[in-house]
Each structure stands twice: as C-alpha cells, then as structure tokens.
Amino acid sequence: MSPTDGVSLTLGQLAKACGAELAGDADVLIDRVATLDGADKGAIAFLSNPKYRSRLTTTRASAVIVAPADASGTALPKLIAANPYATYACVATLLHPAPPPAPGVHPTAVVSASARLAPSAAVAAHAVIGERTLIGERTSIGPGTVIGDDCSVGADCLLHPRVVLYARTQIGARTIIHSGAVIGADGFGMAELSGRWLKVPQLGRTLIGADVEIGANTTIDRGAIGDTVIEDDVKLDNQIQIAHNCRIGAHTAIAGCVGVAGSTNIGRSCKIGGAAMIAGHLDLADGTVISAATALFDSIHSPGIYTGTFPALPHREWRHVASAMRRLRSIVERIRALERDGSKDKA
Amino acid sequence: MSPTDGVSLTLGQLAKACGAELAGDADVLIDRVATLDGADKGAIAFLSNPKYRSRLTTTRASAVIVAPADASGTALPKLIAANPYATYACVATLLHPAPPPAPGVHPTAVVSASARLAPSAAVAAHAVIGERTLIGERTSIGPGTVIGDDCSVGADCLLHPRVVLYARTQIGARTIIHSGAVIGADGFGMAELSGRWLKVPQLGRTLIGADVEIGANTTIDRGAIGDTVIEDDVKLDNQIQIAHNCRIGAHTAIAGCVGVAGSTNIGRSCKIGGAAMIAGHLDLADGTVISAATALFDSIHSPGIYTGTFPALPHREWRHVASAMRRLRSIVERIRALERDGSKDKA
Amino acid sequence: MSPTDGVSLTLGQLAKACGAELAGDADVLIDRVATLDGADKGAIAFLSNPKYRSRLTTTRASAVIVAPADASGTALPKLIAANPYATYACVATLLHPAPPPAPGVHPTAVVSASARLAPSAAVAAHAVIGERTLIGERTSIGPGTVIGDDCSVGADCLLHPRVVLYARTQIGARTIIHSGAVIGADGFGMAELSGRWLKVPQLGRTLIGADVEIGANTTIDRGAIGDTVIEDDVKLDNQIQIAHNCRIGAHTAIAGCVGVAGSTNIGRSCKIGGAAMIAGHLDLADGTVISAATALFDSIHSPGIYTGTFPALPHREWRHVASAMRRLRSIVERIRALERDGSKDKA
C-alpha cells in the first residue's frame, strides 16, 4: 500500500498554496508525493540534492519541485522554489493530510470529573486524564496515554498512544508527542548521607512550548525547584533524555539518542547531532552545532561546529592507535628530549 | 523460585529432538536447564567455553551438553554437539516452553469492527486494535498494546505488554516484540524555512520480517516516502533507535543502545556492538562487525571488524592524553622539524 | 503554579525533624522550599556551593540552610548542617509530601483472581496485575502499569503510570519505578547456527532491592539462567539499559543513558556518569567512578575515577587531530627513527 489515499489538487493550486513559481501545465492533477525514481502518473517529486539531477530526465512523475538552478533540467510541469525541500513539505502536507480525530471521549477512557476538555478534543480508548487538567480544541489524546493532575495541553496537539505527562506539565499549541515519551518524571536528584542516598523531592514542572515535536520514547524530567523548559518550535527526535532544569531554546533541533544532563541551557536555533552527550550546567550559544556522537563538557560561547569523535578504524589498526594514545604523554616527552638534543648539538 | 516448572524429557528424547549425539544413559529424566555450578538432579548443563572445563568434574547435573573435544572430560550422561550453545538453546526451549496464550479477546480490549483476528489469536486486557488490521493465527497481543489502523501481524507472533505499532506497520510471522517498543513513529524529517521548522509528512511504512526479535523500548521509525525495512531473522536488543528509511539485512544482530541514523543500509549477517552509533546514508557490507561504542561515519565496503573507542584510563592519565591529543597537530609539526634538522645535519 | 501547596512548619520543627542546628527565630513559619534567588516570605532556601555565597545577602527567603562555615554570612533564621543539601532534601520532603494514593482498585483495573493485594494498596485505572502476584501495603500501582504473573512488589512502593514488570519479577520495599520502565524483559541471548539465530530462552528473574529508584524508560532484563540483581538503595536515572545477569551493588548510582552489557558486576557505592558504556562480563570494584560518556572494556580492581572521552573541538581542529590520530603508529615510528639517528650521531 503506497500513501496514495490523499486528496487531488492541480499543480496550480499547489503553487499558489505553497508560494512556489509555476512552470508548465497548471491543470495537471497531483494526488501524491513520491521520489524521483519511484514516481509515476499523478505523483510529484522533488530535487533538493544536485547530485541526483540526472534523475530529472528519467523520472515518470507528473510534476517536479526544483530550485531555480535546476529548472532547465526538465521539461515536466514544475514548481520552482528557492528551497525545494520546504516546498515539498508544504505540498506533501496538502496532499496527505492527517485524518482529523473524531471529537469525543471513548467510553473506556477515564477522565477526572474536574478535567476540562474542549468539545472538539478527542480522547481515545483507555486514555487517563487527571484532576483539573485542561485539553485544548481539536487536540487528540491517543489510546493508553496517561495525563496527570493539573496539566494543560494546548489546542491542535497530537499525543500519540502511550504518552505519559506527569502532574503539572504544560504543553503549548500544535505540539506533537510520540508514543512512549515520558514528560515530567522526577529528575535524578539525591543527596549523599552516610553512604546512603536521600531522595530530593522534584518540585518543578516541565513546560513545553508551541509547535514542538517530541520523538518516541524521549524523556524530559521536571525541574528540581524551578522548571525544565522546552521553548517553541524545538524538535526532539526519539530516545532523547533531557534532565531536570534544562532549557532548550526555540527552533533548536536535537537528533536521536542525545542525552542532556541537568541545568544545561541550550541556546536558540542549535543543532545537536545524534547520540551526542551534553554535560550538566553548561551554556550553549545560540546557533551552536554539535556533531553526532560528540561528548561536550564545556560551555560554548561562540557558535560554530564542534566535534569530538574517535574515527572508526579496522580493528587491528585501532589497536595500534589506541596503544599509541595511551603512551602519548611519553611520546611528547621523547620529542622534547630530541629537541633538547638537537639544540645541544647545535650549541 | 527457579525455572523448574517445565516438562520432563529423557536424555534420549532430547538428543533426538535437538540432533545431538547421545552418550550414556538415554533414560535419565531431565526437567530443567542450569549452569554447571548451579545444577543438581534433574538438570542439564552445558559447557561452551573451554575455560570452564574443570567444572565438568564438579557439577551435580544429571547430564551435560559438550563439544566433542570436551566429551572425555566427564563420565556423566551427555549430549555431544559441535555447537553446544545451540544445542542448549534447543534443549532449554523444549524443557521450558512458553505458556501458550489462551485464544480470545479480553473483554476490556478495544478491537475495531473492521479488524480481522485469527480465531486462535489472543488479545489481552486493555489492548487496542485499529481499523482493518489483521492478526495472525496463535499470535498473542499483550496487555495495553496499541496497534494502529491497517496493520498486519503474522502468525505465531508475540507482542509483549505496551507495544505500539503505528498505522500501516507490517510484522512477519514468529516475530517477538518486547514491551515499550514503538514501531512506525514519524521519522525526524523537517525542512528549515526562515529560521523555523516545517514538518515533512512521514508517509512510508515500517516493514518487519519474520523471525525478528525487537527489544524493550526500541524504536523503529516509518519511512519518509519509501519504507523502513527490517528483514527476516534480524535481532534487535533493547533501546535501539532505527531512523526512517533504514534497511537492516537478514540475520543481522544489533546490541542494546545502538542508534542508526536515516537511510542507512546495514547488510546481511552484520553484528553491531552495544552503544555503537551509525551515521545516516551509509552502506555496510554483508558480514560487517562494528565494535561496541564505536561511532561510524563512513560506509564499509569490505567486511571486517571496525572499532573506534577511546580507551578508558585513570582520570589523571586521561587528562595528560587528552591534553596531548589537542596538541597532536603541533606534535606532528615538531617531528617534521626534527626530521628536517636531522637531514640538514647529515647534509 | 509554584509548589506551594505543602504543609506549614516552624523552623524549630524542621530543625528537630532533620537533625540540624537552629539559629535565630524558631517560630518563623515555613511552607515551601525555593532557590536563594527565587525565594520570598515563607520559603526556605539552601546554600551548598560556596560559589553562590553572596546570594545569602540578597535572598528574600524567610530562612536558609547553610554549612557551619557559611553561617556567619547571613543574619536570617537558619538551619546549620554539615551537609546542607541532605538537610534540604529532608526539609523539602517534609514541606512537600507526596499525596498518598487512595487505597483500592480502580474499576477499570484488571486484577487476576489469584493476585494478593494488601488492603492499603492502590491500583489505578487500566492497570493489569497477573496471577499469584503480591502487592504490599501502601504500594501504589499507576495507570496503565502491567505486572505479570508471579511477581512480588514490596510495601510503600510507587510504580508510576505505564511501567511493565514481566513475570516473576521481585521488587523490594519503598522502591520507586518511573513511567515506561520495563523490568524483566528477555535478555539478548541467541545461538548462531548455520547462519541463523536460535533464541535462547531467558529463564532467570529480575530481583530489585529495597529503596531503589528506576528512571523513566529504563530497561532491566531478566537473567538467562540465573537472575539479574539490583541491590538495595541503587539509583538508576532515565533510559538506562541493564542487560541480563548483571548485578549492581548497593548504593550505586547510575546517570542517564548508560548501557551495561550482560553478566557485568558493578560493585557497591559506585558512580557511573551519564551515557557511559560498560561492556559485558566485567567486575567493577566497590567505589569505582566512571566518568560520563566513557566506554569501559576492562574490569576495574582499584577504585578511582576512570575516564575515556574524546575532547570536543572546533570542527576544523578536530579534523587535524583525527587525521593525526590515524597516523599515530607512523608518528611513533618516526620518533624511534629520530632517536636512532641521534644515538648514531653521538656514537
């Protein structure tokens, strides 16, 4: 089954709705997106990476989305846009709208008497909604999702199945949360006393902005005293861990498997690569880029790209490198000795 | 409570069922597996690692499983097999069969009217099954598991509690999925436009083969346009993240906490060590082995073992090594200078 | 909403209950905790890090918690304690007690007839409790939590929403388990046979001690033959993976995103930093400290701090370092050649 059960629009309608320049037949009917290679009649495809430009000549798409520089590469009806990928996102959203959830509360859902649900909200089977919690207009709460007491979820949100919001969590409008995400669990706070651990109550909240997307099985802890804050338009992939009292600035995107330790402030419009590890109590400047698999232990004051990964090598070579690394200190000393000897020879 | 509530079989029956050579009393009754050290009457133990060969002389097991080379190490009744661990797996499966789920739908499960369940399928409490979804013969759906619309789950599958399958996911026969796994969530796709993120609809599917096992809290995203594909007999441990449009070849095994970024193709019969990080858009040849905790940023065309981990050192030593590493470039320049001086001296 | 809906106590009552020295007005009423900066009338704040000592002079708190060395830094009513953070934990727990769950079984919960629940236990909506499972006094089972057959959960435990315990798991008293945690799933055990994988039945259990805390989406696998054991007062953060047959010693704390491979023994009172990766079949001495993001492949016999992280650098610098690293072997050879030349020159 291909994703073809969308709506049908003319290329002219798509151009207008997505603000792209139209070239060619405005009336060609488009009912789905596809890759250049996989497209056939009725499909629109896009070219973003010039590396694949030759595919423009072989695609069987009914229309294509291209950058101005690539427009001459095909005689097909087309949308011309400075950012073809963004135009593709617009077109794909129009052609494949998510089915709107049917408003109402499933009979198996358990909704507290004091919860306030907008009439257009949808609450699915086996969902649980706590005391005094507010659910906004057109928001959809998936099957098995559990929302604690005193939470607030904005309008037009989509909480997929089996999300958990602990008590007092706030979610802004149009935010999407994927299955298995846990928002507002206790931060990892304990005091050491006589060799034992004393739990430090985690009393803050988790405040999530508008237009945020949170991936599957991602966890964001509540604050210890203050709040953990995820600002507007932050995008979090799957299996990310955000510890207590962090603040993630607006428009920042974080790829899968990243961990951010407690009380770290990540600036606005940052990009954090997959499986990066950010230590606690750091500040990252707006626009910072951290490469995938990089461990970061210091604050970053000037934006730029920061990297720290050990290159993968054939195992035998790696053994030599790792062994030399362990001796780096003595290697430096040997060089110093050679330099001294050289100076002496010259003296 | 030890795992003793299995069935009782004679050593001869086990030899026949598992294709092993029998030596000694065929009629000794075996009702459970155990370690060499922990075994007593009724138990069968195995020796796989020659390091532990001396334990053959002290074990109180009723029978043992050994390789031909170790057969002379004990007078106990025994099964002799080229691969004792595989024979152990066979024997343990026979002695400790998983209890078959009782067919039928629990009254608290919510099954869409258009879903098609095999009569021998079992759907547990609070499970949710979407529209037009198919569930195969003898397949067991655990408590609280949520299966979206238009999914298909093959025969003899076992979905543990609290699994989520998003819409249009397909699962082959005899596949096991552990709790908290999320299959088919949206991939991490968005286009940057004027400093904001535009969501790119994720329209592909997740196709899981037969005989696959997926660990607890593992996530596998649906494809962006095409599909994410996990081929037959792939084994995924816990907390693995597989991004959109990946393909994992048959018989590949991936240990816990691994992340695989988007559009990467991992070949057949690969082995990926725990906490490895595989970047996006790579190709890994069949039979590639990636060591644990290794970050991989390049495709691999010749199979072999690839490693890239920083050796752990006492913290004080590590500080010296890390500091020297930061100066590696100048160290290389100093060596070059010394070499130049040496040549000059000789000239 | 700030966390102010606690109880009100006098400073004298707090001093007595938490074993701290009182200085100043014993009758000042305290009804919440706050940071030094965020506090106002009715709040108590603490100073733990001497770096922030100047805030003592500007805080508007009604009272503070300080170490003896800092007591002279403020004229406010105060609690003086050797470990102000531990005293803070005590005070915060008294001022902000967790609401006790209402005893009883929610009508939508599914409890097996043979399960034994203490009368004061609370079982929330859509929870599922298996055959012969025991739930202790005052223990709270959250919404959607699934507990398998033959489990045992001690007294005064708190299982948050959507936890899963597989069959035969045991949990000690006063243990807290956060949402999405999966305890007792099958370990990653399979035997290779003719290019295919044979599942090795995972027959052991997961035994969790008393006073343990397990973070959101953390996974702990059951043992293969023996058991996986988490001893008393172990603290596990979010998204940790503990593989089969591990043993984690009492009072050990592990930060988020750590993976521990199979059959590893971590000693008592160890501290493992976030995103560390511990290989299988290792032994870590009591009191070992592993730094964040460190991969450990060898046992540790003498306690101390162990580190192995690649320092993050501006990307351009990192490229030079990584390139030099790949040539480390030849660098060592060049130094050796220089040293030989030097000796020859002198000879």
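As written, the chains take the letters A, B and C, and residue 1 is the first residue of each chain.
The definition used in the following text is that a residue touches a chain if its C-beta (ideal position, glycine included) is under 8 Å from a C-beta of that chain, and two chains touch if they have at least 3 such contacts.
What you are looking at is a predicted structure, and each value in this text was computed from that prediction instead of being measured.
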Copy pair chain A, chain B: interface residue numbering same or different (half cut): different
Cα-superposition angle relating the copies chain C and chain B, to nearest 5°: 120
Centre distance in Å when chain A and chain B are each reduced to the mean of their C-alpha atoms: 26
For chain A, residues contacting two or more additional chains: 108, 126, 144, 162, 180, 217, 239, 257, 309-311, 313, 325, 331, 335, 338, 345
Of chain A, residues touching chain B in the complex: 1, 3, 33-35, 38, 83, 85-86, 88-90, 92-93, 96, 98, 106, 108, 124-126, 142-144, 160-162, 176, 178-180, 211, 213, 215-217, 233, 235, 237-239, 251, 253, 255-257, 269, 274-275, 292-293, 309-315, 318-319, 322, 325-326, 328-329, 331-332, 335, 338-339, 342, 345
Contact footprint of chain C on chain A as seen in their complex: 108, 110, 126, 128, 144, 146, 148, 150, 162, 164, 166, 168, 180, 182, 185-186, 188, 190-193, 195-201, 203-205, 217, 219, 221, 225-226, 239, 241, 243, 257, 259, 261, 277, 279, 290-291, 294-298, 304-311, 313, 317, 320-321, 324-325, 327, 331, 334-335, 338, 341, 345
